[in-house]
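Each chain carries a letter (A, B, C, D, E and F) given by its place in the written order, and its residues are counted from 1.
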């Protein structure tokens, strides 16, 4: 976001909102991660405990989802910045 | 909705809420539209830019989704009004 | 939840929040139920009214979804309580 | 709507519970609308797009789909009420006829 | 719970942060519950309905599915914490045992 | 950022509409981010996991997927504006460049 249009007091308040949002965003990320990996990895209900195959799948899925988020975040940031610059020039 | 039960002051406040809601509703409509058309039309990741086939698909999908929303809205309004009349008679 | 850490006044306020939440939770349960059973049971659009086969499906689906919710609720409660006890011991 | 003899809106007292109720009904109504849009799109519009218009078959399907959604909604609402699992909430939970 | 000698609730001060924390834990707990309902329905209940009861296979599947969801939730929570990507949020993020 | 000659933040008046606008833009931006994460995961990551790394094909697919999502978002935003169905909301509805 471009904060150039806000005064210092407004920026302070916006900063507070961002901090409150971070906790909610982390929870959303975490629940998305659990839902996706559970749905993709757990398909054997012949026993109550996780099989070693399922445990490995969950571990790979967690890593992959984290890296996916990171990579999308990088591209998202770059493209969003390009867009902002285009808007300022036009 | 049936506003007959509210006084003028209440109606004014409800009107304000409806106006605030319209912006949120439009955004929801817009994000649903983008998600659906992206998911239905974009399946080629051999290049970075949209193919002409994808562009055409997005354009058709946008038009169709708009018309679908409109038609559902018409039927929804009619059936909802019927329901309200039935409830008032019973 | 473990309310041991709250004083009486706080518990009263939390109790109020729980009551307000129950209405929202019921609505969420109800809309999930309708969406699921509609999507699973209604696939014939050659006529405007529900077929007897569809009506039966909706009825079974409703019962099954209710019982599913109940059973998940029982297991959820048990496992959650176990977790709380483990956390207090550690 | 203006009448010189009616009490002006600014002098009326606003019952906040009334306003909150209206807001909740409005939320439910639009939520239901969006859920129907979603369900009926999946049921009636095949995801390959060769034109921007709704064809005849799609249009008829949408009309019937909305109608059936109302019926299913009412039917399940009644079933739930009969089971008495939510006494006291009553008929307006269906999100229709608000 | 009432005792004539304890300070009455109305005289106690309410720590709004405590109440907000309880509210958030409650939200997380019910959110988790609904996500399990959803996931385990997809895993255990085939979408053709020939009866309203849960049969034996479905019931057992549900029990195991809920149990496995708790295990996966805990496992991923630990993995995330180990990666230290969210220092300071700690064990309660899992939405369980709240 | 500190300058001894600028008026201190505590003396400035906060325009609550500005703050609300910033909050809404922030919500839209993160909402869009999560929707891209979701869509591109479905498009690019096959749900069988034999390693925790993103392989070359997946990485390239993600980059192109994010880029195409931006393009589709812009294209649909323009189309909607051209139809004039939402005059007055303007370019910021796309959730980008906020």
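In this text, a contact is a pair of C-beta atoms (placed from the backbone, for glycine too) under 8 Å apart; a residue touches a chain by one contact, two chains touch by 3 or more.
No experiment lies behind these values; they were computed from the predicted model shown.
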item	value
Of C-D and A-F, pair with higher C-beta contact tally	A-F
Interchain centroid distance [CA atoms averaged], chain E/chain F, Å	30
Separation of mean Cα positions, chain C and chain B [Å, integer]	27
Between chain A and chain E, centroid-to-centroid distance (C-alpha), Å	21
Inter-chain centre distance, chain C versus chain E - centres from mean C-alpha coordinates, in Å	12
Chain F residues counted as touching two or more neighbouring chains	44, 63, 67
Per-residue overlap in chain B, given as positions that touch at least 2 other chains	41, 59, 62
Topology of the chain contact graph, where touching chains are joined (line, ring, star, complete, other)	ring
Chain ring listed from chain C, with chain D in second place	C, D, B, F, A, E
Of all residues in chain C, those that touch chain D in their complex	23, 26-27, 30-31, 33-35, 37-39, 41-43, 45, 47-50, 54-55, 58-59, 62, 66
Complex contact set, residues of chain F against chain A	1, 6-15, 18-19, 22-23, 25-26, 29-30, 33-34, 36-38, 40-41, 44-45, 47-54, 58-59, 62-63, 66-67, 70, 91, 96-98
Touching residues on chain B, where the partner in the complex is chain D	1-2, 5-14, 17-18, 21, 25, 28, 32, 36, 40-41, 56-57, 59-65, 67-69, 71-73, 75-76, 79-80, 83-84, 86-87
Touching residues (chain side chain F, partner chain B) in the complex	28, 31-32, 35, 39, 42-44, 60-61, 63-65, 67-69, 71-73, 75-77, 79-80, 83, 85-86, 89, 93, 95
